[in-house]
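The following pair of complexes shares a single chain, chain A, combined with chain B in the former and chain C in the latter.
Then we have the complex of A and B:
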């Protein structure tokens, strides 16, 4: 299959440049350059008015950051979400994918479409809808609890410091489990049916098949979807928390990206916002690498 | 003996039956959890405000289309809608013009730096635009391009490049080279090969990339929030969010629900038409990644 065009000898440079330059130029200008900018501006005291005459202040932004109570709170909230949301999302996605692919039900195609559906919705719409689910007086959840005779558990979910952050996690899981289910379904469909038939003949039940065949064979893809889910919650938490709770009450559901927005865009503390951005970027890369490492080691 | 066997088989069938119904029950309850919030929103958008507050879960007793009228009036949802449509069109032009040729080159040619460029795009998949919103804002601000819908759409299109290129190169590698080689022998130039042979053959891949990025910009919240602050420049997503805050004071919830339905309809329509491409793209993204 490796044919003549792959040989180094004759690169049609004019054609290649015309094709590459628009995409590459724009990507460098709007992705690479801003990312590089983060690093050097994070060592300056850039503000709205002093942006062009910012002074180099070394690590001051970083030292300030780790003493900033608000930053620590936002970091803790983000870590809470990162610890819970991706795992629950992926477990749900796997369970649904397994049920949809292995079931003999006639309407399984319908479930696949329905479960995928929330992932196409706007986060704003989801945020508004879910803030009504958690609404103290009109909310579906409190209504349901009351209906089930568990009225004492009702509360203002999005307005109480202990539960506010979790309303965001629930909305994220609701939205994205179907998306990851689709990826898992594709992976499971890729497994040869003979393997399952052989297992059925050997008397393996559905649970046994899940743990002995499906999971080991799609482990790699589960790892990838886990990384996607980690970067997904980090990204979506901003939109969800600003629509659902606006970071409140008193910062109890402020996430890192929202703190960046508050410091950088609202207060114009560019230098400081860049330091938090740099921290977030490093964290995102590390999380991706760690999950990658864990999944590839398990393959070992 | 045969009797025993028959009884055993009946047992197995019964067990199978029970298992299937348990499964169905579970899947149906997940379906309810998935659809109910959205259905509830749609139903509420047809109620009057007093009716919504007194009985938020019942079916609407009458159809209040006035809510939709108010949604268009109060929050200028019409302008926001138009801005979102402009953003989608501009984004689609930029994505097709830039991503198709670039992906073709990266899929087919090896030259000095080609691996580095591919590596850059793959790594950039993890740099979400939301993370770098502050430097992006500074960049756009220094160019005087904030509060303008078209530059915003171009910027957003660029943030979609890495994942789109990843999908497109994957797709283009599946096109057999024989077509290009035959065309080359017939004296067809590189540009004609790309526009007249590769582009038509890559149509399903192009559709997938277009659907995914169009939906992304339609639904985008963070970047639009940072770049478009003028009410008349806001896209639908941002318009709805500010309407939500506004309705916190006016408590015209049903108009808000009507506005949400206005956002939902085009997404659902696109989903109905292009579900196949979307699912294809998403599956490919995971499996090949």
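Then we have the complex of A and C:
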């Protein structure tokens, strides 16, 4: 009897370990090991043909990086996107989610599908669509401005250094707000209807409900979607910039990932590209930690 | 028993997954063993010829598909049964072969695009990864004893494009030729009775006439300022004469030469004088080309591929393609057309360089030159290619190759020296991208020259 109790309580550590091995092995081989290689290469002068015989050059890539005008420009462009796009995306996603869950519109289900639709399109398609919106001569935006009698505001949106990077932000927000909306909708659906009913009895309007009930109760999910949006813009900006502006004019919409590609692939400077990659990785991790810190502090 | 079974299953699962992750670099095809002498006692061939060899080709697939390369592989294979030719052809061939090159297992022969955007050619040049082909060109032609060099168009082998280290050694064999300059609508010029501009003053005077018809003088492929290689270097070469070599050899100081600045001021005037088609900087290549074909602009920098690339585009009634050289600073100065050269090369680490060299010589036979024109619509870089290709070219495109018959028109093969090993500067980006600012009024000609001078200085300083 005693021995059978003992057997029952015993966790099958050996079996669990063996079952975890494939997952751990894959994670090590495809995530951890490449990351270690990135860090190692960033301290070398590896190039296309010297990948296997690269020399260790210490911090030279990093010191050059902070004096490289093109890197600074790409970093500034990326920071501009990071500062604006995730916040606007999440605010939009929240408003849309609130609308499709709380409003009494009969077409709610239809809107839910329509808003989600852009996130199933490929980024290339989205880039092409928005290129036509911002097209200098036959673009929808310039056409609309002209129609409204605001012809003096028309411009080559994707070709001017002040606006090029924001065309990418707009395309990203349009593409991803619907996706985050769905996550927020799921979170809102998890809130008990009784809470809303009680608030209604107490005389709370839709705005009050949004700020006093919905937002505090789904804050954790909003924090997580914000991190997704940050990593999303880092990732998507390369594809959108490649399609919509080709990084131009004169680097005004070149983002970090595009500069990594230019240096690593087009220029064959693996070592230098990996230094920029390592920098981007550290930056992304720091941003994620800061976001989590802010969210958890509010929770506390 | 159950436990043992579970462990075995888990172990097998692990093994299966890791079997797919074998990380060893792809290995070079092992040389096929020589046929044993006794297996073919009657064969009179020398033992070396009896060996089967592999020749791996990596080929860029252009708009005309693989027809030409399939034909070459078949005919070459029929003449050389001892060589097994493996054809790898893709529109993204650079990206396809990059991992093999990095792993030290390059193809035996590769043909990239003219302006290889993948960086493979640039990397192979910078890191001395190409085989010296000088002996191929000094040696006999495939089907005659005359040196192959004599068959190639003048100036090509000596250009930095084919001889990238400027030491007279050929590392890149010239493929197709593409005269690049200012494309215009010959029908419009004939209708209006306009002459092609010779000097920059003529150019702008023509622009004033075109303005009266609501036609801009000029447009270019806004988002892709790399197309400027068809015009800007030619204009600089005309003004700088022999000193133009300093531009290609990345010598500091040449961009601040008053003659260089004067040329750049002409380009600046295209914007400041209102000669640029509105919206140009925001257009991509097909949009800007379509606009030019609708007579919204007189000139656009381009080459002979434009006709095929735009074959489905709407165009002004009667539109005909024509090519005009870059204007010169003064009457009598040469007006250059940059003849771009496609490239064939053999990586230094190729497993079978001798077969690749034989294949390269075969490509320059008259039969293959004619096939090149017939199936790939390209004119090879040989002196007789124009006539061999004549039956297969449209009248307009034949006119592109005939551009040198214009008075004062001269050929130049533009090619920039490779930036030194370890340089992190992307020269093409620094050369072309700031032109977007020049053509938007955000940068002046002198600022552009200062920028380029700074870049040349940084390269000289080893950055």
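Rule of thumb we're sticking to: the second predicted complex is superposed on the first by the 273 of 300 C-alpha atoms of A that agree within 3 Å, B and C clash if a C-alpha of one lies under 4 Å from a C-alpha of the other, contacts with A are read in each partner's own complex, and residues count from 1 in each chain.
Assume a contact is a pair of C-beta atoms (placed from the backbone, for glycine too) under 8 Å apart; a residue touches a chain by one contact, two chains touch by 3 or more.
Predicted model, so just to flag it, every value in this text is computed and none were measured.
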Given the superposition on chain A, are chain B and chain C in a clash or a fit? clash
Output check: A:267 vs chain B and chain C. Expected answer is one of first, second, both, neither. What do you get? second
Is A:64 contacted by the first partner chain B, the second partner chain C, both or neither? second
Which partner does A:128 contact after superposing on A: first (chain B), second (chain C), both, neither? first
Partner chain in contact with A:18 - chain B first, chain C second, else both or neither: both
Counting only touches as set out at the top, which of chain B and chain C does A:145 meet: first, second, both, neither? neither
Regarding the shared-chain residue A:280, is it in contact with chain B (first), chain C (second), both, or neither? first
Look at the residues of chain A and decide whether chain B or chain C touches more of them. B
First (chain B), second (chain C), both or neither: which does A:288 touch? first
Touch check for A:161: first (chain B), second (chain C), both, or neither? second
Is A:257 in contact with chain B, with chain C, with both, or with neither (first, second, both, neither)? first
Where does chain C run into chain B after the fit on chain A, at 93-101, 129-137, 345-353 or 453-461? 93-101
Where on chain A do the contacts with chain B and the contacts with chain C coincide? 15, 18-19, 22, 26, 29, 51, 265
In the complex of these two chains, what residues of chain B are touching chain A? 19-20, 23-24, 26-27, 30-31, 33-38, 40-41, 52-53, 56-57, 94, 97-99, 101-102, 104-105, 108-111, 117, 120-121, 124, 126-128, 130-139, 154-155, 158-159, 161-162, 165, 177, 180-181, 190-191, 194, 215, 218-219, 221-222, 225-226, 236-238, 240-241, 244, 256, 260, 263-264, 267-268, 270-271, 275, 278-279, 282-287, 289
Quick check on the complex: what are the chain A residues that touch chain C? 14-15, 18-19, 21-22, 25-26, 29, 45, 47-52, 64, 68, 70, 131, 134-137, 156-161, 245-251, 262-263, 265-269, 272
Residue positions on chain C within touch of chain A in the complex are 3, 6-7, 10-11, 13-14, 17-18, 21, 23, 98, 101-102, 104, 117-120, 122-124, 126-127, 129, 222-225, 278-279, 281-284, 287, 291, 421-422, 424, 426, 429, 433-434, 436-437, 440, 442, 463
What residues on chain A touch chain B, complex-wise? 1, 3-6, 8, 11-12, 15-16, 18-20, 22-24, 26-27, 29-35, 37-38, 41, 51, 96, 99-100, 103-105, 111, 113-118, 120-125, 127-130, 132-133, 138, 140, 143, 174, 178-180, 182-187, 190, 206, 221, 224-225, 228, 231, 234-235, 238-239, 242-243, 257, 260-261, 264-265, 270, 273-274, 277, 280-281, 284-285, 288
